[in-house]
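In the two assemblies presented below, chain A is common to both, partnered first by chain B and then by chain C.
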Partner chain A sequence: MRKSKLANIYLALVFIVLYAPILYLAYYSFNSGGTMYAFEEFTLEWYYEVFQDTRLLVILLNTLTIALLSAAISTIVGVMGALAINNVQRRDFRNALLTLNNVMIVSPDVIIGASFLILFAMLGMRLGFTSVLIAHIAFSVPIVVLMVLPKLQEMSPTLIDAARDLGATKWDVLTRVIIPYISPGILSGFFMALTYSLDDFAVTFFVTGSGFTTLSVEIYSLARRGISLTINALSTLIFLVTLLLVLGYYAISKQAARPMRLEVGE
Partner chain B sequence: MDNRTRNMYLIPYGLWIILFVVVPIVLVGYYSLFDIDGQLSIVNYKRFFSPVYLGMTLRSFWYAFLITVVSLGIAYPCAYWLTKTKHKQLWLLLIVMPSWMNLLLKAYAFIGLLGTYGPVNSFLNVVGVGARQILFTDFSFIFVAVYIFIPFMILPIFGALEELNPSLVDAAYDLGASPWTTFRRVIFPLTISGVQAGCQAVFIPALSLFMITRLIAGNRVITLGTAIEQHFLVTQDWGMGSALAVFLIIAMGLTMWITTGGKRVS
Partner chain C sequence: MKKVVQMFVAVFLVAFIFVYVTARINSLQGYSGANTLTIYNWGDYVDPDLITAFEEETGLKVIYQTFESNEAMLTKIAHGGTSFDVVVPSDYAINKMREQGLLLPLDHELIPNLEHIDPRFLNLSFDEGNKYSIPYFWGTLGIIYNSEMLGGKELESWEDLWDDSLRNQIILVDSAREVIGIGLDSLGYSLNDTDPDHLREAHDKLKELIPNVKAIVGDELKMLLANEEAAIGVVWSGDAALIIEENPKLNYVIPAEGSNVWFDNIVIPTTATNIEGAHMFINFVLDPENAAINTEYVGYSTPNRAALEYLPEEIVSDERFYPGPEITDQLELYENLGKRMLAYYNELFLEFKMHRK
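And now, the complex of A and B:
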C-alpha cells in the first residue's frame, strides 16, 4: 500500500513538471501586465494582437502550407518506399535500404540541416519556400516508411493472389486491396509527418533564407529578443491545436485498430 | 512481370535515398576537406585535434552523457509505475503529449520560469533559500534538456516493461528474492533493450542540441551541435563545420553500433 502511494506521488510530480511550463505560458497569456511574473488583470489583448499581426498570420499560413504539402508528398513517396522494400526479395539489399532509411531517422537535426544546406548550395537553389518544403519532405519520408512497412508485412499474400485469381489488374490490386489494408499505417505516417514538419526548428533554420520564415524560426528570433506575451498567446493557441490533433489521431487509430483486429481474427 | 512493378516503386524511393541520404553525407565529407578559402587541405582535421576543439567535443559528450543518465534515472521508475496504473495507455499518451508541443515554446517557457523574477525563484525566496541565478547555468541546461528528452526515454522502456512476462517476477518473489534483487536480477535485465533504445534516442540528439544552448545556457555550454551551427551560419566556415559534422556522424554510428550490438548479445 505504501509503495503505491510513493508511486502515485512520483508520477504526479513528473506530470506537474511536464505540464508546468505549458500551463505557465497559458496563464500569463491573459496577463495585462506584459510580463511573465506579475499578474495584473485578465485580458485578451495578446490574443487580439496575434490576430492583428498580419506578418505573424502569414508565417502561420506558411507553416501550415509547408506541413500539409510536405506530409502529403512524403506520405506518397513513403508508401512507395514501403512497397519497394516489401517487394525486394534479396535480404541484403532490403537490409541496406532499411539501414539507409534509418540513417535519416537517427541523424541529428544539425547534420540534416547542414548537409541539406550544402546540397542546395551545390544545386544552386535559392533558399526559401521550395528549399524548406523539399527538406521537410526529405526528412518525413523515412518515418512514413516505418509506419507503413509493418502493415504491409502483416498482410497475407493470399489476399493478393485471390484478387489476381478473380481477375483484378495490378492497379486494382494496389488501390482496392493493398492500400485499403495498409490505410491505418498510411494515416499514422501522414500524422507523424505532419507533426515532424510543424515541430521542426533546426533543419528549417538551416535551409530557410532571409525571406521565408516558419513559426519555429520566428519564435526563436522573438525569444532571443526577450519575453513578449504575444508568444504566450500564440503558444496557447498552438497547444490547443496540437491537443486536438493528437486526440483526433488517438481516436482515429483506436477506430482503425478495431476492424483490423477483427479481420485478422477471422 | 513482378520485377517491373518492384522497379517502378524503387525509382522514386531510390532517388530519395540517393539524393537526400547518400549525397548529403558524401558532400559533408567532401566539404570537410576544404579550408575557409576553398583550398583543398586537411587543416580542418588538424584544428579538430587542437585542445580547443577536443575539449569542446569532450565536454559535449560529457553533457550528453549526463543528460542521458539523468533521463534514464527519472524515466525508469516513471515507466515502471506507469505500467502499474489503470488506463496506462491514456497516461502514457498524456506523458507524451508535451513532447508534441513545439520545442521552441518549451524553451521559451523555461526562460520565464527560471528567470530572475520567475516562479522558481519566488518559491526559493519563500522557502528561505533565496533567489539565485538559475538561467544560463549548467543546471538549467541539463534540466531543460532532460525535460525535452524524457518522453523518448519513457516510451521504449514502457514498451519493454509491457512485454515483460509478469509470471517471471512472481517466480522471483516465490523463490524468496527481495524487491530490489528482483528488480536487479530479473526486471532490469529483461528490459535492457528498452533502456538501450531510450539511451540511443536521447544521447545522439543531446550531442547535437544547439538552440537550447543559446536560449537556456546563454552560450555558456557549447555542444558539437552549437559549433556546427556557428560554423555554417555565423562564421560561414563550412569546411570546419563539415569536419565537425563528420565526427558527429562517426559518434552517431558508434552509438548505434554499441546499442544494436548489445541487442544481438541479449
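And now, the complex of A and C:
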C-alpha cells in the first residue's frame, strides 16, 4: 500500500497535538508582559532570572540527581529481578511473581506515595533526599523488570547451552552472553525509569520534606499564586536539553549498532 | 557488558557531581545544619528579599518549602518526619490542627510586634486569645466583574447575580461552603447556618442561578477572568487583586449582604526544632516596615495596622481590599460545623453542580 497524503496529514496532526503545548509554553517564555496570553515584547529576562534563582537551581539539581540515581539503582535491581523471575521453573509461580510486579505499575501513584509516607512515619525516618530516592527506586523497579523480561524470554536457550559447552562459567555466561544480549532492554528500562522519576509528582509529593523538593512539587505549589514565566523558561531549557540527549543517544546507538553485535562473542 | 558498566559508572559519576554541586551551593550560602529555620508556606507567598534581610539580621539560614493546599500541608505535618518551624495555614485549618494537637503555643513576650496587628483581626473564633496563631494576610470573598462586558452594569450584591441579563456570564469557585454561602447570604442567613431547612432553601435559590453560571472551576479561574472568558467571577479578594493587576478593566466588590472573611495565619507546629528562630521570624514579619514590603510583594491585604503607614495611599485607601469596620463587622468566618454538617453542605453543592441547565 502506498503512503497516501491522508496518512501524512494525520501524522502531522498527531505531532502538532503532541508538541503544540510545549511550543506554546516556550513561546511565552520570551514574553516581557509576564503573562501567558498577551505577548508584548521579546525578552530574555526570564532566562536570566532562572540562573539568578539559586533556590530554583538547587531544586533542579535535586530533581536530576534523584532521577539519575533512582534510574541507575532500579535498573540494577530490576535486571536482577528479571533474571530471577526468568529462572523460576514452575510456570504458575513465575506468573504469580510477574503479576505482583505488575500490580505495582497499575496501582495509582497516590496510593504508593501515601503508603510510603505511612511507612516512613512508622519507621521514624526523616523525610528528605533518602525517602524520595527510596520511593522512586520502588516505583521504577517494576518498569525495568517489564522492559528486560521480554528480551530474556526471546533469547534462545541454545545460546547459553553453547556457551556452557565451550567451557564458560556461570559468570561468563551472565556477563558475556546474557547481559550483552539484553542490553537494549536494560537501556530502555533505564530511560523509562529516568523519565518516570523526572515527571513524578504524586509519590514525591508525599515523601518530600526538610526543604528537599523536586521540580514538579515546587511548580504545583505555585498554583495558588500563579506560575511565573521563570518556570516557562526553565521548562524550555529542560526540553532543549532532553531533545539534545535524545538526538545524542540516537546518533550514538546508530554508530554503535555494529560493534555492539561483535561484542556478543568477544 | 563493558558498555553497560561504563554507562552506569558515568551515570553515578554525574549524579555524585550533582550532589557535590548542590552541597557546594548550599554551603556557599551558609546552610549548615543547626543554624537553619524551615518555613512551610504557600508558593510565592513571602517577599524573597525579606527572607534575605532576615538572614542577614539574625544569622539564621532559611529553608523555604511550599505547599498548595491546607489539606496537603496538614497531611505532611500530621505524619511527622519533617522539621517545619513556621507554617502558614488558613483559618479553618488552624481549627483542625488544634484539634489534632499539632500546634505549639506562642510566647507573646518574644513577639512584641504583635501590638501592630489591628485588634479587629485578633482574638478570632478559630483561635481565641491568639494562643497559637497570628494573622499573616486576610481577605474576603466577593464578586469580580468586567462592567465593560456587561454594558456598563455595576454589581453590588449577591442578589445582582440572579439578574436575567447575566446569562452564562458567571464563573464560580469550585468549593462547597463558598457557593452554598452565596445562597445563604442572599437569603439573609448566616454562613454557618446548620438548619437543614435554611440550607435546602439556599440550595433551591441557587438552582435558579444555574442559567447564569458558565463554569465552576479551580485555580484556572484567575486566568479565565483576566482573559475575559466570562464577565463575572466569585473569587477571594487575594485572587481578585492578582486578576485586577493583570486586567485593570475588572472591578471587585464585597457584596452588600455580607460575605466570608478569611485569614492566613502564622503558626509554629509541633514539628518545629528551632522554636526561638521561629519566634524571631514571626516578630520580623510583623515589623510594620517589613510587613509593608511583604504586602506590596504579595498583593493581599495585611492585618498589620502600623504597616499601612508605609504603604502607598492608593493601596490603603482602596475600600475593596481594606474595607472599614462597618463592613468587616458584617463579614463572617467559617466556623467548624463538624463532619456531618460539612458532608451535608457538600451533598447540596454536588446536587447544585449536577443540575441541568
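Following the convention adopted for this analysis, the second predicted complex is superposed on the first by the 220 of 266 C-alpha atoms of A that agree within 3 Å, B and C clash if a C-alpha of one lies under 4 Å from a C-alpha of the other, contacts with A are read in each partner's own complex, and residues count from 1 in each chain.
Convention: a residue touches a chain if its C-beta (ideal position, glycine included) is under 8 Å from a C-beta of that chain, and two chains touch if they have at least 3 such contacts.
Because the structure is predicted, anything quoted here is derived from the model rather than measured.
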Looking at the overlay, what does A:168 touch: chain B (first), chain C (second), both, or neither?
neither
Give one of first, second, both or neither to describe whether A:159 is in contact with chain B, with chain C, with both, or with none.
neither
Now for A:72: first (chain B), second (chain C), both, or neither, which partner does it touch?
second
Give one of first, second, both or neither to describe whether A:22 is in contact with chain B, with chain C, with both, or with none.
first
Under the stated touch criterion, which partner chain does A:125 make contact with: chain B (first), chain C (second), both, or neither?
second
Touched partner set for A:209, first chain B, second chain C, both or neither
second
What's your read, chain B or chain C touching more residues of chain A?
B
Please work out whether A:55 is in contact with chain B alone, chain C alone, both, or neither, and reply first, second, both or neither.
second
Looking at the overlay, what does A:220 touch: chain B (first), chain C (second), both, or neither?
both
Taking the superposition on A as described, I'd like to know which of chain B and chain C A:37 touches: first, second, both or neither.
both
Chain B and chain C footprints on chain A meet at residues 35-37, 117-118, 205-206, 220, 223-224
Contacts from chain B onto chain A in the complex sit at residues 2, 5-6, 9-10, 12-14, 16-17, 19-25, 27-28, 31, 74, 77-78, 81-82, 84-85, 91, 93-95, 97-98, 100-113, 115, 117-119, 122, 147, 150, 200, 204-205, 207-208, 210-211, 214-215, 224-225, 228-229, 232-233, 238, 241-242, 245, 248-249, 252, 256
Residues of chain A defined as touching chain B within the complex:
4, 7-8, 10-11, 14-15, 17-22, 24-25, 28, 35-38, 77, 80-81, 83-85, 87-88, 97, 100-101, 103-104, 106-119, 122, 138-139, 141, 145, 170, 195, 198-199, 201-202, 205-206, 215-216, 219-220, 223-224, 227, 231, 235, 238-239, 242-243, 245-246, 250
Which stretch or stretches of chain C touch chain A in the complex?
1-4, 7-8, 11-12, 14-15, 18-19, 21-22, 25-26, 29, 36, 38, 42-45, 63-69, 72, 75-76, 79-83, 219, 222-223, 226-227, 242, 246
Chain C partner contacts - residues on chain A that touch it in the complex:
35-37, 54-55, 57-58, 61-62, 64-65, 68-69, 71-72, 75-76, 117-118, 120-121, 124-127, 131, 175-176, 179-180, 183, 186-187, 190, 205-206, 208-211, 213, 218, 220-226, 228, 256, 260, 263
